[in-house]
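Below you'll find the structure, written out as structure tokens, and then a few comments.
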Amino acid sequence: MSVDQYKAPDWSVSQWFNTDTPISLDQLRGKVVVLHAFQMLCPGCVSHGLPQAQRLYEYFPKDDVAVIGLHTVFEHHEAMTPVSLKAFIHEYRLTFPIAVDMASDDADTPVTMSRYQMRGTPSLILIDREGILCANYFGRPQDLQIGAEVSALVHASTVRGASPVNVGSIEGCTDDGCAV
Amino acid sequence: MSVDQYKAPDWSVSQWFNTDTPISLDQLRGKVVVLHAFQMLCPGCVSHGLPQAQRLYEYFPKDDVAVIGLHTVFEHHEAMTPVSLKAFIHEYRLTFPIAVDMASDDADTPVTMSRYQMRGTPSLILIDREGILCANYFGRPQDLQIGAEVSALVHASTVRGASPVNVGSIEGCTDDGCAV
Amino acid sequence: MSVDQYKAPDWSVSQWFNTDTPISLDQLRGKVVVLHAFQMLCPGCVSHGLPQAQRLYEYFPKDDVAVIGLHTVFEHHEAMTPVSLKAFIHEYRLTFPIAVDMASDDADTPVTMSRYQMRGTPSLILIDREGILCANYFGRPQDLQIGAEVSALVHASTVRGASPVNVGSIEGCTDDGCAV
Amino acid sequence: MSVDQYKAPDWSVSQWFNTDTPISLDQLRGKVVVLHAFQMLCPGCVSHGLPQAQRLYEYFPKDDVAVIGLHTVFEHHEAMTPVSLKAFIHEYRLTFPIAVDMASDDADTPVTMSRYQMRGTPSLILIDREGILCANYFGRPQDLQIGAEVSALVHASTVRGASPVNVGSIEGCTDDGCAV
């Protein structure tokens, strides 16, 4: 069974930024959810993924679309602590809610990142109003495509041709992203 | 009555490129129509508008969305002839149907450009499946917004918040576009 | 004998823009000369070569460096006439002197382009204060390198490691340029 | 007496990366020195300053030009520790020697940053072969200018028109940089 057929699993979060109260996926039922997974030291996240997530957050009405950032640290854990992330969020003017993915007891990859079978950062996950996982992108999907797919979910709960996309073959960290 | 409430008028065309037969707006009824007006020597069209139109043409299914280019020459007429346009289309690898707007007998602004009350180039016009003019942009609307609005018309025949947008105050030709 | 060892040949010009009087290479003896060959419908020239030439013209003192544009049409001759070039120069805000390369009686490639053994457009040619051809680039040399090499010629009449560079293997017109 | 007339003061460093042994300014006498001051969470440094420094390091011969990075943390000290910097240097593929500016006992601004009267990050400082401070830029000087000025120092120990340049009026952190 492919990840696309799963009901989107809830996230497991150790800390939140840009929100006064924790946010659960259940609370967002009825809205389209854009989940953007990143690492603050992943070049492709800084140059492409996070600015795109911020644009999504600013463009779509909050009643229709919830944009959630997820800090999925799977390498250099000591270098990307919540203290550093807090300053990063401030300096890069990120205003959407951002969660710190729960560290795993027995793996480098954090809990939510594993649940969603993400291949690395940046990853962009689209969840429809009913909570079904519709797309799971790794790398650099373009604004035109993401804008169109989120809008399709807002208006019709379908995404034409959405499917996991791996932009290039990423090994380690490249300009496109960082692979697990 | 604002241009947004008009039924989209048909275009008046003197010559076509990238299509064997002329295309009328009536023929496209049932599809969302993206009409991109440009001049081949308008810097904002070359750097922004035309690449965006090409991306729209390549991303959306042809059954749902028709992308039409319109060469609306309102200045330097002698410099932007169909002969030059033909080479331009070839060198810039444009593959969507492109029409040459019919010159006016008594004005610099061509016929279709006047009918649509375009303010200059690049202009991007969105028409829904029923032929209603939904948006008339001048300048540089972003990919995220246009992707979302075209997708909204594909899935729901509505555009949330679409309205004429003038990016900056353009006089003459700037990087953003060329004003009439 | 490689082109780099040649004394730079004079150009053969049918028409000038942005100068009241024709300019010969001999007149420029004592100055470093940057000769930028382009075609107005060459995408790599429009997006990269011409803006770089304009930056060179604006940055370096006129007493030290002469920047000369050369319209070397070797394809679509009917589409890139002086009339179209004049409007192009105006719309793209080019202010340095621009020459139209003399058409050849028996070849598509114009006279000066052939003399300099240019491989296509954009080409950037560097000539030292004594009139020696020091570099002949085809494609997209970067600003850092060109700024450094022109400055070296201004201050020391030598270019470290300058040599013809072909950026990628260009066939026909690509984003990098148009090959003969 | 303006900073431009000073002999460049030595730096005070608590830790080095990308070099086995500490590097003093005296050791570099006879070479042109490019000192790039940055903070790992300064957006203008990440998008502009550091890539430019890396290009300078890769273009100019090591015998002529020494490129030195200086991590001048003056805000969010707890977020930009050497541990985080080490991962940052790895992920961003920076290969030139990078020093951590010595923290001040009584000020947020580190020691070397104060000595050089830097206004913020990114700052780019040019020192000639004799150790004279020739330019002190804050913000985003362009590649063409920096390439030309470093080349001028390599070939003639003079910089035409070099002087402190403040790109825009920067307050706090903007895309251009972070002001003290």
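We just call them A, B, C and D in the order they show up, numbering each chain from 1.
Rule of thumb we're sticking to: contacts are C-beta pairs under 8 Å (C-beta built on N, C-alpha and C of every residue); 3 or more make two chains touch, one makes a residue touch a chain.
The model shown is predicted, which means the values in this text are computed figures rather than measured ones.
Engineer: Can you tell me which chain lies farthest from subunit A, using the average of the Cα atoms as each chain's centre?
Structural biologist: Chain centre farthest from subunit A's centre: C.
Engineer: Please tell me the distance, in whole Å, between the geometric centres of subunit A and subunit C computed from their C-alpha atoms.
Structural biologist: Comparing mean C-alpha positions, subunit C is 47 Å from subunit A.
Engineer: Averaged over CA atoms, how far is the centre of subunit A from the centre of subunit B? Could you give it in whole Å?
Structural biologist: Averaging C-alpha atoms per chain gives centres 34 Å apart.
Engineer: In graph terms, nodes being chains and edges touches, is this line, ring, star, complete or other?
Structural biologist: Here the contact pattern is a ring, one closed loop where every chain has two partners.
Engineer: Judged by the touch rule stated earlier, which pairs of chains are there in contact?
Structural biologist: Listed by label, chains in contact pair as A-B, A-D, B-C, C-D.
Engineer: Which residues of subunit B touch subunit A in the complex?
Structural biologist: 52, 55-56, 59-61, 142-152, 154-156, 158, 160
Engineer: Under the touch definition given earlier, write down the residues of subunit D that touch subunit A in their complex.
Structural biologist: 41-43, 46-47, 75-76, 78-81, 83-84, 86-88, 90-92, 173, 178
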